[in-house]
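Please read the structure below before turning to the comments.
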């Protein structure tokens, strides 16, 4: 059990404050905290691989609030709860409203009397998703302080308008696995680029999450998109500051070619421009369905001008030795497979298909890690107990 | 562990028959039975507060049947099942039908092969909700007697057309906590009053549940509503008889002022008149959507005549020392917050907001108590086992 | 515990390969394998009857994919997972699409990172349901082989376009219980007959499952239906070959009378003709809603010509001593109860009502058995452990 013992020691030695703050943006966490999340995820994964039961709760609820459709994140969250011994209970509020004020405060308390974790996905409204999570967090703090709640549930951001920390950390865990260590990522060039898709309104949280996280680890991060497909300016600032601090690099280019050239990793993915997402939020708030329709049409037309932002074999040949690692949060828009013309050529995707599945497979462990780290001040002790108990997961 | 030991002794000493009847109406239970429900609820809550695992089942299902929307009750029921070690499985039948006969008998059996509990919310149809629960109960009895079911699931009324026992008992538990004991409730004046709301068709089960339960404990219960907003006559009879027997008082007035005057507790809440609910049921049965629309419009107009039934600061000043405890089953219609004009003024609600959350927080424990008491003839023994085992809920 | 010990010995002695193949069609399993499924189901049922916890997993997920509405199968699957210690997670994809290719491969992996079982119901599209399951199975094999999945989930057919193995095996378990042994079924005449129903498009999987399974056990299987209500030709071939091999009999007749005459068991149930289901699939694929409407009307008219295919008291009097066992997968269309004119007369159904409930009650145990047999190469050892451990299900 040497690998696990080494992990447990690393977890024990890092000074972190994960038990005292919700996981809402990766850039609110210190680098040791991010590393600890990765280590705890790996430890849980390794324990289970040895058929050791990883439950840290004998009972308790984990609440899910999905304010947008989801399959991957939903199953990953359900898996994480199950790994920890919590039972999922879904709050189904409908998607169309932006809740605030008393409704949020009250609901947050009403669902939490027996809850140890709350996971929220709210990525539809720019300026509202992350804010909503903070309102929930404040309501939980108040409920706990005033004796309404016997425990303060861990709050996890399962995707918001700003960041997608469970995705970006799963991506980071995959890069660490693929390249051998975090150390090995230093100086590696990652191209986070826009790509054409026949759909509209894809959230900004993945590209923002990637540039906000990978710049922490000394990587050479290039963001590329056609003119007008900007991300939230504040997040660009974060990426710049991160790169400066970590000894990495962050730059923006307007050409996919330039981004792919000599890249070690490429992440071609569609998103809607920040300005469009702002307009869309305003139109949704005012329930202007005619306006929304017009906006959608304009955007699709606009997108169609950039069909050449396409991850083809030719584009891939520009990368380092033509062998960059292709990444995607899935599902990808695959040309000739899931759509006529999309983000990626079928042969490229097929070559990296299993790699993208492995990338995705990190999410349950990352989410479990975030909850465990928020609920237990000494995660190493809790994991050591599991190792010593060695209760079998499959009783057989 | 003195508090728990005292509770366990009280539970042990009361002679009750809770193991042999479903919990469908509080007035079908003896006073010792109601007190035992409160004590078991408190015991489960206290055990969990000491991080003791309260599961009495290692596996098994708890079925939920929600024939009306629900968030609070749904989460409370899910919490209760989780506390006891049962896994929730939801029967989603759609809301618009009144099932009866073979459909009910068959479905009741089909969902119960591995079920230890069934919770039903069915409050849409006057004359049908509680009747439906009894049909389910009879089908379960038959299935168990004839060897179809290996166990008889506990059946719990999660709100019907007549009563809302999990709400009223949670309210009673909160009053006991707030005033220190059931004994202290004797002679306390509680004003169960109608209040204006811009919505229509709110069920009668909360006011009926309150007057049917609080009259059991020697309280001075005043029911107030505008002319025409009557409750089911049979329930008024129950309240009168209860008050006579318990040495309490029950009266009806047509003025909010009068009800609030010198009240120790106020419970201002909207509901639809009994006669309207009857018409509505007939229209729903005959699928007369035009008739339903007309009825709704008439009712909203009628309601609008009573905007002055409003729990304002001025109204509150009429209560005992101006300091009555404000209660609500939530969500309240708060003037200027959740609607333009509603049941309660924002400043009043805000002052009692945390109190209403605490009131609601009793529901999971009450529901768990009802199921435990129905499934185990000696609940004190079962709880004592938990205390002695002292299995941690949070394994850590 | 003699009954259980005898069962465990029988399970131990049979040579089977259930651990290495998914349960997709009963005729892909050997006769010892089918018998082992029955024995494991009985063993789990008996253990639970003795209040022994049957969980073989301490945690893990079981995925459900219902591409058609379901109550009975849904609850049976949920019960089976709960019996084994798995937690259900539902994949809700919507019903209208026929997924294939990358979507299936990817989704199968994305939902399975922590899954030990996947149950699929997909009976809407002739030629697509069972094929879909095999695509999922192949994707799981690939994911496991390439290290995406840490375990290969058991895949169970919860009803497809060809077979309904959990239903037919529950039916067989009930016949074994009712007649005392599988041996006693030899030579017994079972009439699987079409019956009139005012509805349209009922799947073929039940009659196909029955003729495909009961012919394995030396039964005298008579399939009866009006001209034009054919089943899939391949399945008829399977039934003929089975009967030849088992020393039973399989024939088709065009008269309900003839089928009922001297029958020991009758199974009157409506279904749509195979040719209609083919047309329906083509129309659904091409989203031709006008064509679908026309097809439905034609079929209902066609059905109405056969109102005399009705399981009446008079028909029952033709059976052996007038006392054949009536079977149905439920819900039945009961004349004067659930419809004006249907499959069965009310007095006949009422006499066998409890029997049909008992028939249905076998499904949770059968499904649990299938999963256990797929996941554990030595099911007898696993069940023996449960018996020896004797952990109580109801902790009390």
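Which chain is which? They are A, B and C, in the order written, and residues in each are numbered from 1.
Here, a residue touches a chain if its C-beta (ideal position, glycine included) is under 8 Å from a C-beta of that chain, and two chains touch if they have at least 3 such contacts.
All values reported here derive from a predicted model rather than from experimental measurement.
Two copies of one sequence, chain A and chain C, touch each other mainly through non-matching residues, since under half of the numbers at the interface are common to both. Matching CA atoms, the turn from chain A to chain B amounts to 120°, rounded to the nearest 5. Centre to centre, using the average C-alpha position, chain A and chain C are separated by 41 Å. Of all residues in chain A, those that touch two or more other chains are 55, 85, 87. The touching residues of chain C, counted against chain B in their complex, run 48-49, 53-55, 71-72, 75-76, 78-79, 82-83, 85, 87-88, 330-331, 334, 337-338, 353-354, 357-358, 360-361, 363-364, 391-396.
Put simply, chain A touches chain B in their complex at residues 55-61, 85, 87, 89, 91, 93, 101-103, 105-107, 109-111, 113-114, 116, 142-143, 146-150, 375-376, 381-382, 385.
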